[in-house]
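Look for subunit A in each of the two complexes below; its partner is subunit B in the first and subunit C in the second.
== the complex of A and B ==
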């Protein structure tokens, strides 16, 4: 009996879960669903403000527009494209991987790569073991030459 | 002197060539991208680059739903840039409509509204609220305001003469309908 009650409770919970999900899908899109798209867009008017946190009336209306479009069955890609068509690619939080925007993606890795190559080569040079016999400095060579000549002269004197 | 002391250290030639070639390539890419992104811009005393207005539903000019600036050659064109979220725009909206009512039958002066970065609902509400009847179009991708070289924000109004030359730019709202008329008369 106890086991039967557990199964019944489990089925009840499972049923509730599906019902909630179905209601959420069929009803008005939730704030979370709207904000999931809004955070990938920026307010076209305000500077550097994501649409999901923008407090202006215009941003509120844009969020409501996203809600309406979601309720109409539009996909995230379609909604995003609508915003790009209306206000340009500058509204995208992540710029498209095409045209001049490619520079944003290519430039930093290219600079980092060049930097790494230079650093690697420099480190290799710095850590290269020096020759076993240290090279004599020009002054030392000159001095030794002078000493030997001096000694020769002394010998001649003797 | 030994070989070790005289050997020159540094980036090998092949690496230098690769680095300089990569930098030159990147600069070319940036220059090309900037050139492509650059719109022609209007300047006072010079012809305004052409652009097209695709009117909001319910608006038209001479029975058509869209018009190019070049189609209006021979007329004085007044282009007003506005937005529903712009409070000063509300101040001048009745004056602009009154000016349109004054000029529309003559057909010599064309007044068009360009809605800058707006929501469809906001735009519709604004046009209804102020009973705007002159042709109005959205500024898709801010293309028109970019061509007109918008100075400060909204509202801004551009006066283009019969030859398509930009004659006057009004930054901010008009104080009265007479202000609009006086600018139109000064360029006629």
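== the complex of A and C ==
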């Protein structure tokens, strides 16, 4: 009987172990869940390679850290913030839209807007009817100047 | 001995270029045709000199001369001979020599043309080419010398060109080997194509500067360099496409374009070059935009040098690395000097560059081309700022930032959409004058058909509104362009009584630039289908599998069968290859073999995907990880990339289109010049 109880206790423990393991496995975040966050992050070493596809050992460890944090119940925002706190804003695919970083987002549209204004003002100017064109344009004068110089050059070569 | 010869001949080439520069300037100042001719012959001599130097370097590379530092860095005994040759441009010093060698070749090609009609351009073209060549050769001769050798000095191994006192030559038993990522066939051709594109743009720039200095600011310089511009664009485009295919095949992240600063460095001159290709037509047809064309060609040249600087100075890793780089500050200084001098010349000649006619309508083809230029410049602003702002942030705030794909995609997507819309409208507008009514009448059928097609796609394919807008634009441009082919060929068929296909081929042959351009527009739309497919509809999953287990995605089932790992000592690689079986909706499609190649010499992995390609989609399987000994388990990442093959089909058609437009027939330089203000404005769009 005692022996039976020992076996039962052993089996119970073993069962418990397996159950715990199975529970842990079902709670382990999948690669896809990890990659969904990793693809928005960049490690400071691997330039221009998102974390989800970076093959280095360091990036592999970062991905495992994300997995651990997800398993601990941390949200995507919390995990991202952890990496920003540790390594700075450079780990983000884009800097946050706040403070001095706003300049990064505002400058291109401002320059493009200036381009649009210049283009439409020029187009308006150009399409305005103008006074009669002088008989000989500046380009023609230039051409004649060129021809005379060219002829001079030819004479020299002869 | 050969290293000394290679370096010596390089030095002679450098000195001959300096002589040619001085002789050309002296020839102009002293009005001495003999000195200009002497300078021309000097430039002709530089190419064979640099070729000898290049052959010396190739000999050293192929024959494992590891006493030469450059040979040690980029080759190893296990590399095949063809890779040892291409290692010439696989490292900094060699690639700078390669740049200079190409420029010397192009300069020779330019200087041996017939110069009778354009003799006054000659000395200034030589001056610009010589200055560019001196800059690059100077860097090779004084800072990045590929012939530097290792010497044992006081027990230490140091790189020097010539033996320090008491030093003995040191040769390592084997070299580092070329970066394995650069051993792909696409990467073997990709850098020379980009460099060919980069260097070709020096020639239009040289003629533009010659036109500014001589004051001969009509469209002659544009006609003389039209073919150079087209070939430059061809090479640059080909280089970009090859780079995309290489990234897709080798980098193992399931994409073709990552908005990486190095990619953008090559993309920026392509943007200004494309804008230039369109805007020169306005100057040729209407005598307008002379200032703008000068600005574009100057910008393109500056961006070519800037692009080389970005990739070669180390500035992208860190601004501090740039400051420590021996060539970084020189590059920066040269770009700045180029811009300052070119701008000063432009301001000096500004009054001579006035338009010869007026712009009549906001919807004329020239106005729409201008809008096209604005859009290309807007994409350039985004790209330039995207590359420069992280550097500026690091420099001024000491805080590094990353600008990844989301930044570029959000900023450029509307600009590309607007460019696509223009591609649909501009071919229907007329030079000189168009109205909403004439444009509407020309395009309503195509627009209506595109709307119907979009509605069908909404009910049968996707409800994603971004994809639908993109596909509507694709349909519009394709229909408008095909209609243009149809309408013109039918008109010729009726007028000449020819068979439709004869009429079409003669029509296209008579106006290669126009119809080559239309082929390019069609190819762009095919590429847009591929880009929309992968950007919007790409799906992926990753998982660790035991043998016999499977992953499923978009109807595909990928089942892990086996894995093998074996070294190839001769090649210096360890291959780890998995075999997976692929099923689609239960039907067996075959096996794929994703693998990881580990290169012993450089201690680097290369991830080669297993791919199954159809016109509908690509199944792209990557081996991520595996159990070392038993191989019982392995981790795979799989992507389904819908429509991506249209990107490659479009790329091929794109190259055909450029070749068609650039193929030599009648030399544009021999065409009669546009007669300026006296010319009547042609109204019909088909008249060009």
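The working rule: the second predicted complex is superposed on the first by the 103 of 158 C-alpha atoms of A that agree within 3 Å, B and C clash if a C-alpha of one lies under 4 Å from a C-alpha of the other, contacts with A are read in each partner's own complex, and residues count from 1 in each chain.
The rule we apply is simple: a residue touches a chain if its C-beta (ideal position, glycine included) is under 8 Å from a C-beta of that chain, and two chains touch if they have at least 3 such contacts.
These figures come from a predicted structure and were not determined experimentally.
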Touched partner set for A:57, first subunit B, second subunit C, both or neither = first
Once the shared chain is lined up, is A:92 touching subunit B (first), subunit C (second), both, or neither of them?
-> second
Can A:127 be said to touch subunit B (first), subunit C (second), both, or neither?
-> second
Partner chain(s) touched by A:117 [first = subunit B, second = subunit C, both, neither] = first
Could you look at A:100 and tell me whether it touches subunit B, subunit C, both or neither (first, second, both, neither)?
-> both
Touching A:77 in the superposition: subunit B (first), subunit C (second), both, neither?
-> neither
Partner with the higher number of touched subunit A residues, subunit C or subunit B = C
Just which bits of subunit A does subunit B share with subunit C as contact spots?
-> 44, 88, 100, 103, 107, 130, 133, 138
Seen from subunit A, its contact residues with subunit B in the complex are 44-45, 56-58, 61-62, 64-65, 85-88, 99-100, 103, 107, 110, 114, 117-118, 121, 125, 130-131, 133, 135-136, 138, 141
Can you name the residues of subunit A that touch subunit C in the complex?
-> 30-32, 35, 42, 44, 47-50, 53, 55, 88-95, 100-101, 103-104, 107-108, 111-112, 115-116, 119, 123, 126-127, 129-130, 133, 137-140, 142-143, 145-146, 149-150, 153, 156-157
Mind pulling up the subunit B residues that touch subunit A in the complex?
-> 1-2, 4-5, 9, 11-12, 15, 19, 22, 26, 29-30, 32-34, 36-37, 83-85, 117-122, 138, 140-142
In the complex with subunit A, residue positions of subunit C that touch it = 31, 33, 119-120, 214-218, 252-254, 258, 260-262, 287-288, 316-317, 351-352, 354-356, 358-362, 367, 370-371, 374, 377-378, 381-382, 385, 389, 393, 397, 399-407, 411, 540-544, 605, 607, 635, 637, 676-677
